[in-house]
Structure formats: C-alpha cells, structure tokens
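Letters are used for the chains, namely A, B and C, taken in the order the chains are written, and counting of residues starts over at 1 for each.
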Amino acid sequence: MLAGAVAGAAFPAVATTAASVPTATAGTVPRTSGTARAGGTTHQVTIYAEALPNGLYGYGLAPGEATVPGPILEMIEGDTMEITLVNTTDQRLSIHPHGVDYDVHSDGSPLNASATEAGQTRTYVWHTREKAPSTGRMWLPGSAGYWHYHDHALGSDHGTDGIAKGLYGALIVRRKGDVLPDRQFTVVFNDMTINNLTAPDTPIFDCRLGERVEFIAIGHGNMEHTFHLHAHRWADNRTGMLEGPNDPSPAVDNKDLNPGSSFGFQVLAGEGVGPGAWMYHCHVQFHSDPMSGIFLVRNEDGTIPDHAQEAIDYFHGHHHGGHDEHEGHGG
Amino acid sequence: MLAGAVAGAAFPAVATTAASVPTATAGTVPRTSGTARAGGTTHQVTIYAEALPNGLYGYGLAPGEATVPGPILEMIEGDTMEITLVNTTDQRLSIHPHGVDYDVHSDGSPLNASATEAGQTRTYVWHTREKAPSTGRMWLPGSAGYWHYHDHALGSDHGTDGIAKGLYGALIVRRKGDVLPDRQFTVVFNDMTINNLTAPDTPIFDCRLGERVEFIAIGHGNMEHTFHLHAHRWADNRTGMLEGPNDPSPAVDNKDLNPGSSFGFQVLAGEGVGPGAWMYHCHVQFHSDPMSGIFLVRNEDGTIPDHAQEAIDYFHGHHHGGHDEHEGHGG
Amino acid sequence: MLAGAVAGAAFPAVATTAASVPTATAGTVPRTSGTARAGGTTHQVTIYAEALPNGLYGYGLAPGEATVPGPILEMIEGDTMEITLVNTTDQRLSIHPHGVDYDVHSDGSPLNASATEAGQTRTYVWHTREKAPSTGRMWLPGSAGYWHYHDHALGSDHGTDGIAKGLYGALIVRRKGDVLPDRQFTVVFNDMTINNLTAPDTPIFDCRLGERVEFIAIGHGNMEHTFHLHAHRWADNRTGMLEGPNDPSPAVDNKDLNPGSSFGFQVLAGEGVGPGAWMYHCHVQFHSDPMSGIFLVRNEDGTIPDHAQEAIDYFHGHHHGGHDEHEGHGG
C-alpha cells in the first residue's frame, strides 16, 4: 500500500478564475497514527506511464489517472517496494529512484539495460534500510529522506525528454517514529515551471490553519532555482524540525533547488502568522513571475479569509496590474 | 533600538585610490555585553526608502542617510520590531523580511496589498520566537538566523527592480546567549556586483587582528554565485561555530550564495594566518574579476602592514596588471 | 609524506574501447591503519607544474608525472605541509589551497605577490589545527575537511585560465580518528567536463564490492552543477557518515557542486545493491550526456560481472544508441 495518503476532509472549491486547481497528493485516506510505524512491509504497486494532453507524460496509480507530478510514494526504513511499471506509451521510458537501494536490473537506465520499451511492463524493486553502526562513533546513514523518482530513458539515456514532459514524483522514506503530516504537497521546479505549469496556473496548496503540512520540493531540468516560502521556515536538516534543542542546523525559508536535488519539511500552517494567501516562488528574480504560486492557509473552520480571496483573485485576474493598498496597521 | 551597532574605535582612513570606502554597519556604538541578552523587547524603527544617485535606491535610518545595502537590523528571539517605512520616492515599494513572523498586512507584497505607495508611510510588524518542543524528540526551530529584508514591490510584484537597484539589507535574529561580534559586514552578491559595486570599488571590510568579525552574506538577482573568503573558514551551520565537539557540520570557506538565500558566520580575524589584505570574491570564474574585494586585517595596533598596503594599491591601481613577486620563503 | 596513498592490489585492465582509463589516486601504497593518526607531522612535498598535451596543465609529484586532477594531498589536523612548487612552464602560476591556514606569502595570489613566475620555484606553507573551545558552548571549527587546491595566477589574477586547463586537485584534512578509505577518487566538475574529460572518456572509478571508497568532489569553472551517484548515498555532513544515531544531517545522493566548492564522503561499494557499472553524472540535464561516467563495483574477487562489462561496452561503443533490454525480474 502507498502511505502517501493524507488526512483531512475535502475542501469546498477555491473561488478562482482558473479552470482547475491541481492537487499534489495521492489521496485523502485518513492516517491512523501520528508517527511512522516500524518498517518491514513489502509494497506492491502498479504504476502506469501515460501520454497526456499537450505533449506531457505522467505516472499514475491506475489507468487514465496519470498526473504531473506523479503520486507520492512512501516507505518506512526496512520496507521494500515492488513497482510494476506499465508503459502505455509508444516511447521507451523507465522509473529511476533516488535514495533507495536497487540492483542494476532496477536502475531504470539504458546503460544498465533496465528501461521499459513501448507497450511493455517491467518490475523494479526498491529496498530501504535503517542506519547502522560503522567504525568508531560513525554510523552509516539509513534510507530515510525526502527523495524522488523520475524517468531515465525517454528521448535520451538520461531521460531528459521524459523529465521535461512530466515523468517525475516524490518518494518519501521515513524513519520509524517520524512525525506524520496532515497534508502533503509536491512542488517541482522544472526549468521555468512549477509542476510543468506557470503562473497563474500553478498549484494552490490548500490547507487549514494549524495543520501540519509537508512540502516535498524537487528540482529538475537545466536551470538553477531557489525555493522560497513566505511567512514559514524550517530547519535545514533531514526532517525540517530540530532534533532536540542543540541541533545546530540553521533555519531557512529559501533553499537551493537544483536539478536532481530534493528536500522536504513540515510546517504548522499559519502558526504565528495567521491564515492567508502566502506566496511560494522561485527567488531567482527573472523566474519569480512565472514560477510563483499560493500556499492557501484557510481559517480553522475551512472558510477563506476575505484578504486571502482578494489575493487569489489578484493573482489570477490582475497578475501584472495593481490594486488599492490596504492602510498600514499600527503605524 | 537597533542592535546592529558594533564596537571599535574608528580607523584612520585606508590609503586607497578609491574615492570612498563604503561601510556596511549601522553604527559604531560599543556593545555592552559579550552575548545576546534575553528577548522580549519591542523595537520601533523608522526606515526611509530614498532614491540615490546613479539610479539606485536605498533604505536608511534617517532622512538623507540611505545606503546600499541598508542598515543591519537585529533582534533577539522573542523580540518584536515595528518598522515604519517612509517612502520618499515616486515609486511603489515595500519592505519584506525573511525568517521572521508577520501577518499578511506586513507581507510587503502587492499580492497581499501590503506595499507602500509613492510618498506614503506604512508600518510593518515582525515577530520572532524561540524554538519549542514539538512531537517526540522534535523541536520547532526558532527565528534565529542570518536573514535579510528587501523590497517586494518596486517595478514588479516581486520587487525585481527594487532589488536590482539596492533595496536590500541584513536582518539578524539571535538566540539568547549567542556570541556578539566586534564588527559586522554585509556582503550582497547581486547579479554581477557586490553591494551594487564592482571591483576595484567594492567594499574594503576593515578590522584588526583578533577581532571577532561577523559576515552576513546575501544573494540577490538572477545569477548563481559562490562566496569565498581567503584564509578563514567557518562551520556550515546556524552560527558558523561548532555547537560542541561532536557537531557534525562541515567547515567551509566557499558557499553557494544564490538569489534569496543568506547565511552568516563569525571569524577571528587573521587567527593563525596573520594580518593582511585577504581577498573575498565570487568563485564563479567569470564573476571573479568584478566580484572581488578585500578583507583588510590590520595589525592589533590598527596600523596597516606594508604588504597589505601594497596589495590594496595593487587592487586599486594595477588591477589587471602585474607586479614583482616576493621571494618565496622557506624554499 | 603524502598520505593520499590507497590500499589495494592493482586490477586487471578494464576491457573498454577507450585507449586509457585515467586514475584519480596518487598511489597504491597500502595503508597501515584503519583510522587517522594524531597530527603534528611536517610534510615536505615538491610539486611540479607542467604543460601537458592538448593545451592542458597539471600538477605532479615528480617531473613528467603531472596529471589532471593533480595528486590527492592529505594532512591530519595539527600537520603542516611545506610545498615547493616548481614552475616548469612559461606562464606565471601558483598553488592556492582551501580550508587550511597560510600567511599572505603563501596565498598564491598576484594580489599578495605570491604567485610563481615562469621557470621559478617557490615554497608555500600550509598549517592545520584542531577544533578549539570558544565562548560559551561554541567551538571554533578545526581544519578537517574535503578541500582542494588550484592555481590562482595563470592568465588572470584569479587563475581562470589555469583552472580551466587542469591546475587543480584534492586536499584532505582529517581529524584524528577519522576512518581511512580503501580507495579514493577525485571528481572535478569543471565547466562541461569531468576532470577536463567528456563522456565516454570520463574516468572509470574502479573498485571491488565492499571496499570503503572515498570520493572527493570539487567544482570549478563558470557553471552550476549537481553531482549524482547511482545506488549509493551519504550523510550531508563533514564526513559523509552520521556522527552517532541522532545526527540530524540528511542523506543525499545528489548535491550542488558549484565553482570553488568541494565535499567528500565514503561509501561501502555496492553495499545492499551489488556489483555493477553504476553511473555518476551531473544531474543538470543538458550536462548529463557529456558529464557522466562509471563507478565500477567489481565482484569481491576482482572479476567484472557480465552485466557490468556490457554496460561499459554500451557506454563506450554505443553511447547514443540502444541495446536490447533485459527482461524484468520479479514482474
């Protein structure tokens, strides 16, 4: 089973001028526990690689359900995932993971003869492990991390065309006891797009005040990027939270997100800052107009504050114009 | 009150061929303590945004005193800062902080209707907090960090023109007990400039042997950069110093400094290497000629060693030429 | 003495279509201990800077033995290295280290009049130190790190031509007790090359299953890069291994490698994934074809698995074509 499911009732639709708001999560099944269980499970997953409109490609968990990005795949250290990739397209493609263990037959690369030809099916096996003592006081790291998967074969031996056209997704490996989120959002900076979309059509990441929200940020393509989130910050370590009071990790709210890299973190939505339409965007200035979107933190009851609805309308309808400024407060 | 003031007597002028040496600190008031006090103070600050010669803009703490970069703003975790921004220009602009807490009315973005129109005044409120226990052994990070502030409205909804023209500065949030520096320098890599200057007009960061010097490095603009400092290094963590003998952070002397990111660190000037004119520069090679400057470590008595004066003269007068090499020593 | 020597019997030649496979290590002298000794030694090393065919330059430990990259130089915290640089070329050049202590006469820069003129010899002195207690619970970092050295004078005051043409190498400073590797490989991303080579002529990093292999990754030139290694990962901290079970460092298998930066790590070759021809490459997509190579993990007995030999042949002979895919396993 995928563990990428996320709790929370469905929201009323966000009132926007955009035709649709992409969702970035794999499902809405409630979680049964606040922390990650022990590992050791074998997950059997079938993933369908499909051609999409507009020349895109996507991965999906059922025929006709491919999305960009693909579903969030989750494991706990100690788990195994057996992925049967059904290539429904007329192109050679594959699935290649970061962070987990696989032998050469599951590399997903043409170099290791492990791509999937057009119309074919192939099973890839990914293993994970816990950290382990090594020499002296040193430990070998486990598999836990905010990783990702992507094509490594469509159009070139490095999957350059497949990645450009949407064949990518988030892969999370948790350590036993890691804190589980209420909602999850995958944000992929892929050349001058977010999830192959540009503003104002970029995702609205939609949640309620106080929810524990997990971002998985992934870089792809040919360009440098920096991911910035307004009014929220995280520890620049494995989880985004400090591992005790003496963890020396810096807090950041802007982080390099370059091709092939990924990171993740959890924030308590709106904590200390309130609900609102908070921007996320690439901070490279000439990217910041097309590569921006909204992290919508609703009121606790699920309603949208007036100022947030105004901001959404501004973003969608008046993106390059202006509107009357509010009066300063406390000034 | 601003806490950005830094101890130390004024130096005699550095003998250079440049007309002026920019200063990067907000003042010269001596510090009264070696470590950061407890937080909880509310600072009320008025900042003037002004047009400067050559098409630049700057922030300043009094009319007619705007600089590029703006003043160093400092808080301790638990403090609040109320900033009254006086926009003396004929352009819409704002002030947007990284790392701290603010509601949508203090976002500084046109999206949240919180820019300041030409000729207007607006108050922005920034809060900070200490780290706090969360689930399990995890802690939510506090606000402490080497952050920055910048325009988010001049010329575009992301302040692209405002940033390009100088509307940026350092924002430091300390944790109670953090070590205070003797001197501070803000260094901003902004497209192909340092603090909107190019060599040989880049700042000379001027100090004495043994002083605890704090750098706050900020990236802006459209290009990738790496900040390199000769003969000094720091821990790549929150403070630049190790949090005890088992802190796993690497030491670095070259670090990515990309748009919207910032970091800071303290070094003991010249420790183990002696006084001298030490280079700092972007290590991207085609940036390294325009984006280089001098970290001048004087003798303890404030005099400048002959070799350092020769290096400064070389930098300013013969920047693209050569001069006689010293003999090797010990060879 | 250099400590860059690495244990291990010579391998039989890898069967490839390439004329030669560059080696990245300085020697093959067996190590005598599993962990780094105490520091305090003074190393006296003579390095020859030489012109090479094809317009390249290299550093070497004996006349006529210059390589690109240069030899791995190693120290333990507390050691000193006195490097006599013999400039056998007709160009001004130098050697400039990262991470260690040196006075202005050993800066290696024209700014500090410490380059070496054509045909001349000059001695550079590098010191190292252990971490030391500072104020409060803070410690000053020691010199330990995966650093590098490079020219700072050929063709420009920043050595831009010297670096472009091959004057660079790895410099390791270990902390007493650090774990020593069985093999070492230097990988330099220098503009659109790896060690000034492009695929399929990039190095094959050659080892046996289970060996402790150390990579030293260095960035140079003008472009952004990310270093990705298939099927292996490391902790993103000083050593690549966790400093105990609560080390908060993330595990990574893809890391920014930008000009002037460096990092290193150790992996147990093939652990959990088996032998094979594992790719390493820049993950910036348009770099990934020229900037890829093979990390060859042989069987424990030194033989090459058939699938690995097939992958090597594919890489060298059919790099832009295709070959029959293996059947999926377990599917």
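Here are some notes:
As a convention for this text, a residue touches a chain if its C-beta (ideal position, glycine included) is under 8 Å from a C-beta of that chain, and two chains touch if they have at least 3 such contacts.
Just so it is clear, the model here is predicted, and its values are computed rather than measured.
The pairing of chain B with chain C is characterised as different-residue: of all residue numbers used at this interface, under half are used by both copies.
Chain B is reached from chain A by a rotation of 120°, derived from superposing Cα atoms (nearest 5). With centres defined as mean CA coordinates, chain C is found 33 Å away from chain B.
Each of the following residues of chain A touches two or more other chains: 137, 224, 235, 239, 242-244, 246-247, 249, 256. Across the complex, chain B is touched by residues 82, 84, 92, 98-99, 101-105, 107, 109-117, 120-125, 127, 129, 131, 134-146, 156-158, 160, 163-164, 219-222, 224, 235, 237-239, 242-244, 246-247, 249, 256, 258-263 of chain C. By the touch rule above, chain A contacts chain B in their complex via residues 34-35, 137, 177, 179, 224, 226, 228, 230-231, 233-235, 239, 241-256, 268, 272-274, 276-279, 281, 283-286, 288-289, 292, 307-308, 310-311, 314-315, 319-320, 322-331.
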